[in-house]
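The following pair of complexes shares a single chain, subunit A, combined with subunit B in the former and subunit C in the latter.
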Partner chain A sequence: MSLKIGVHGLTSCYGCQLKMASVKEIINIARNFDIKYWYMISSKGEIEHVDIAFVEGSVTTKEDERELKIIRENADILVAVGSCAIHGGVQGILFGEEYEKAFKEVYGDKKIEYEAEISHPIKNFVEVDYNLPGCPPEEDEIIYYLATFALGSYPEEKDYPVCSECRRNGYPCVLIEKNDCCLGPLTVAGCNARCLKYGISCIGCRGALEEIAWFDSLAKTFKEKNMGEEYVKSRMEIFGKQYEKMEEMLKKVFENED
Partner chain B sequence: MKIERSIRNDHIARIEGKAGIFVKIGEEISAKINVTEGPRFFEVITKGRRYDDAVAICPRICSFCSIPHKLTPIEAVENALKIEVSERVKKLREILYLGNMVESHILHLLLFAIPDYLGYPDAFSMTKDHPELMKIGLEIKNFGVFIQELIGSREIHPENAVVGGFGRIPEIKHFYKIGEMAKNILQNATAIVEFFTEYEYPSYVNLARNHLAINPYNGYGVYGEEIKTTDDLTFHVSLYKEHIKENVESYSFAKRGEYKGKPFMVGALSRLVHNNKFINGTAKDLLSEYKKFLTPENPFANNFSQAIEIVHFIEKIKEFAEEIKIRKEEIVKPTEKSGAGCAVTEAPRGLLIYEVEIKDGLIEYMNIITPTAMFLPMMEIDIKNMAKGLWEEGYKDTDLIGKKVEMVMRAYDPCISCSVHVIKL
Partner chain C sequence: MRYVKITNEKIYDFLERLKNYGKLYAPVKISDKFYDRKEIEDVREIAFEYIRTLMPAKKYFVSPTEKMFEIDIEKGEYKETLENIEPFVIFGMHACEIVGLRILDGVYLDKYPDIYYKRKRDAGIIVGLSCLPDEYCFCNLTRTDFVDVGFDLFLHELPDGYLVRVGSPNGHKIVDENTDLFEEVDKNDIDAFRAFEEKRQEMFKWEGSFDNMRYILELTMEDEVWDEEVEKCFGCGNCTNTCPTCRCYDVQDIPDIDGKKAKRIRFWDSCQFRGHGLVAGGHNFRGTKRDRFLNRYICKNAYFYGLGTSYCVGCGNCTYFCPANIDYLKNLMKIRSMTEVKNG
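Coming up: the complex of A and B.
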């Protein structure tokens, strides 16, 4: 019996689903699963019980919230896919008053029939079993997650930073050599330091690590390079505004005197 | 007796993003597209951030057109800060852009539109009966992906393209491969064009309309700085606010465009209507053979136009890849810290406009107008006319009418995520 899966999108750019759909061997891979629901790709199907539900996107409307709860009730395993689902996404930058202001600025006093709210990660509403990080996730990780589930096992999330992948690949360090504010040391690995291969500093799109490994040396480097806390913070906020440990992490990085 | 029916689908399958259609049929017929996907305020998010961070955020508006949402703001920022990049960088950007165009078009046709034509709920079930069609389509897609990964660093959210150039310019050997791949998939693309010539367009949606498209720099392409209209106006992108207005309706999170107070169309069909004289090579032959399918008044011609564009752009990419000379280049740094600039390009779904104001390296103001926001009102009119036509012809099955109006929507290839990034005017 093949595993029953559902693929869902809340509010996002739909890139995680597009990445899943454009995995090179998708047609062969799809044969091994019973796809019950994938509305971006298929007009068949209602939400029904599945073994695994993959959810892309953040919750930004009451309708998103309602739909997410139905998805959870009908799934044995729920996987949050991508930065919007896991951390609220770039749209999660607007918070509290900033959000109210933005809404007014854009729509004026015009009433919209649907209720919109601040962009939240899905874990604020339902229990999440696994996170598949990335903006969008990498092809090999998508296959790894699907394969482990198909084998009756489970995927292990990475607990080391992009920085270590970059070192392993021997790319020049853009933080030290080019004075670029690289978030590689703070960001979850798995992309094989894709941007660093191109000499582009990490913007942190995969989300921050639960624990930071080398904050002492990192703080020293940021300091030596004259990168202020404010700028590092504004860069970290792009993908991590709602990351609970942000303040703690920044404190570790910047308050650690010599 | 008064007959009233309504067709409501709150969440249309096989489109990018989340939108519903609500059609009312009776003495009066009306159609509304409810964009229910939540707003994402990109213009506000980017405010106060460094321009290089801001242009890295923009692609997140939409995955299907993340390359246009990177390269267009980059150009607007470069115009604002008077950065002049080399011809080589411009050419590389164009190849990257066209690679995205080819991928976006084929994915839309293969996964979203063609299942309707053949009567399947999705491409997976279609594959069982039409494996060859799927195979040739996916080969075209892989070609687009290869280009985007090579030049952009990845197919979705390309980080290698930055203000002032590229992080790293790929080696020449890869461009030989692009040329070879292009040669091999050209016949696939021709077959896709021929697929669409086997169907007649429904005449219910025939309606004269205004098409807006770019006045391209060199031949048929995506770059330019002027916009052309069907009523023979040509205006510079910096004057866009004088000509294109946007409104809010209470039933939708997306804003809605109008030109001279009226709905209009943008996209592959609009480009071909205005610029078909620049089409050359195999695509030109196909276009003259199947001329009757290029009908400015019928939105179904948009799918045919996308297929023609795939052929044209594959040949164009091949030509560029063969003539490009590769050399290492440093990223050009700005000499100015403040300024204002505009840029327009042709995204897969039509005109995409970015306007920025930068002060001391930080974004003061950003405005984005996406193609889907521009054509939404026109799409509503076509949906209404489709329902009306079928109803008056005697079709009373709401399921069938529902399916047909969805086909109208998919002909446009709407990008809902784009339309609700939210525009401020």
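Coming up: the complex of A and C.
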């Protein structure tokens, strides 16, 4: 019996779904899984009970929240796919007053159809069983997650930083060599250090490691390399704004003038 | 031991001929500050002046990622993936790294040899190269600054060439099959060799003994000198991944999409990662960054019975490649209250 799956998108660029739909083995996914809902592949289908629901995108409207709850109620396993779903995504950068200001700038006093909110990761509303990180996720991990579920097992999430893959591939360290603001040390591995392959420092698109992203230690080194608070913060915030401890950790480093 | 000499005029011929014995790997400059070993096409690319490589030579024996088994899930069978391994030559290993390999031998080639490691080890020819230490080197403290075994040939720099120590049957074979490249060592060469060794000893920055380091470390683990260093650490694992004697790996089974077949892979792990100490049931033996940070210091300074040295060979890689600028040796010196600097 094949597993029933659904793939859903909330507020996002739909890149994760597109990546999932364009993997080399898409035919084998279609053969081995019973796809109940996947808007990008077929406009047919309604939300019904599935074994596994994959959800990309963050919650930024009331409608997202309602839909997410229905998806959760109808899924035995729920997988958050990509940075938007897991951490609120780039759109999660706007918070509080900044959000109000930006909203006014874009919409002025116009009335809009939906009720917009600050971007939230889906874990703020429903229980998430697994995270499939990436912006978008990598092909091998998409297959790995599906394949382990199909076997009745579960995927092992990576719990170590991009540096591990940077080193295994022998890419020169741009933080040491060029004093670049590389966020590899606090970012979840899995991309095989994609950017470092081209000597471009990591911007943290796969999201920070839960509990072990040492924003403070890294900021301390950046500070010693004469990078300013604003610069460091603006880079870390792109994908890290939703980490409660980030601001506090940065404050500790930059306010402590030694 | 047999000693011969090769002159500078013949060194590139020699390197070219090494290719007859297998694929040639040697250090080349890969970026502004770093060197790494690569397969060599043009022997003139080889960087004789290198001190350390971004990836230790262990990468040729314990691959950063390698396939171990192919698994047939339906039949419930597995077989080891023993890919064909071609002979290869690693040129230019310094003494510390050769000792490092022997330490890996002690771990991987015990009563139950690791077949993947052994097959590569059997296929590899090691050609050592003398070196002058930089400020990060301290192999004199760990007593790994000179090797007597573990290489096939070892080249010591002379003003006009190299004094070659022949260290194995393979080494003899290479010399015997290329007698036109080598000549006898004369008195001038011996004097030059001695002078080089003396100069080298004088260049080391620190002196003292490391032998009781492990115990002092264990006794000072609670010490607050560690607090600040732990605070600085990213937990990025660069220190262990660039260490010639770190040998921890993780294993993962990766099934195919149709669930019929799977492969088991292994890849370099690090005790600086949280998952390293995690066991079934969710307990973590090294649950805090401090536990993980100190684990490396304890592990590297343990006593390796096989050689009577510590697991640390004093290469300085872990400091040089730490993006947080954490100085492993200085930290050890702090708890030993050793400050003497011989030549500054």
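Here are a few things to note about the model shown:
Convention: the second predicted complex is superposed on the first by the 229 of 258 C-alpha atoms of A that agree within 3 Å, B and C clash if a C-alpha of one lies under 4 Å from a C-alpha of the other, contacts with A are read in each partner's own complex, and residues count from 1 in each chain.
Just so we're on the same page, a residue touches a chain if its C-beta (ideal position, glycine included) is under 8 Å from a C-beta of that chain, and two chains touch if they have at least 3 such contacts.
Given the structure is predicted, the values throughout are model-derived calculations rather than measurements.
Once the two complexes are overlaid through subunit A, subunit B and subunit C fit side by side, free of any clash as defined at the top of the document.
Greater residue coverage of subunit A by touch, when subunit B is weighed against subunit C, goes to B. Subunit B and subunit C never share a C-alpha pair closer than 13 Å once the two structures are laid over each other. Taken together, the two structures place no residue of subunit A in contact with subunit B in one case and with subunit C in the other. Subunit C makes touch with subunit A in their complex at residues 30-34, 36, 54-55, 59, 64-65, 73, 231-238, 241-242, 252, 254-259, 267-268, 270, 273-275, 289, 321, 323-325. On the side of subunit A, the complex with subunit C involves touching residues 25, 28-29, 31-32, 143-144, 146-148, 150-151, 153, 156, 159-161, 163-164, 167-170, 172-173, 175-178, 182, 184-186, 212, 214, 216-218, 220-221, 224. Only residues 11, 13-18, 34, 36-45, 49-50, 53, 56-57, 59-64, 66, 107, 111, 115, 121-125, 127, 134, 138, 141-142, 145, 153-157, 159-160, 162, 166-168, 248, 250-253, 406, 417, 422-424 of subunit B touch subunit A when the two sit together in their complex. In the complex of the two chains, the subunit A residues touching subunit B come out as 9, 11-16, 18-19, 21-22, 24, 27, 30, 35, 38-45, 60-61, 63-64, 89-91, 93-94, 98, 101-103, 105-108, 110-114, 116-117, 119, 135-136, 194-195, 197-200, 203, 205, 231, 234-235, 238.
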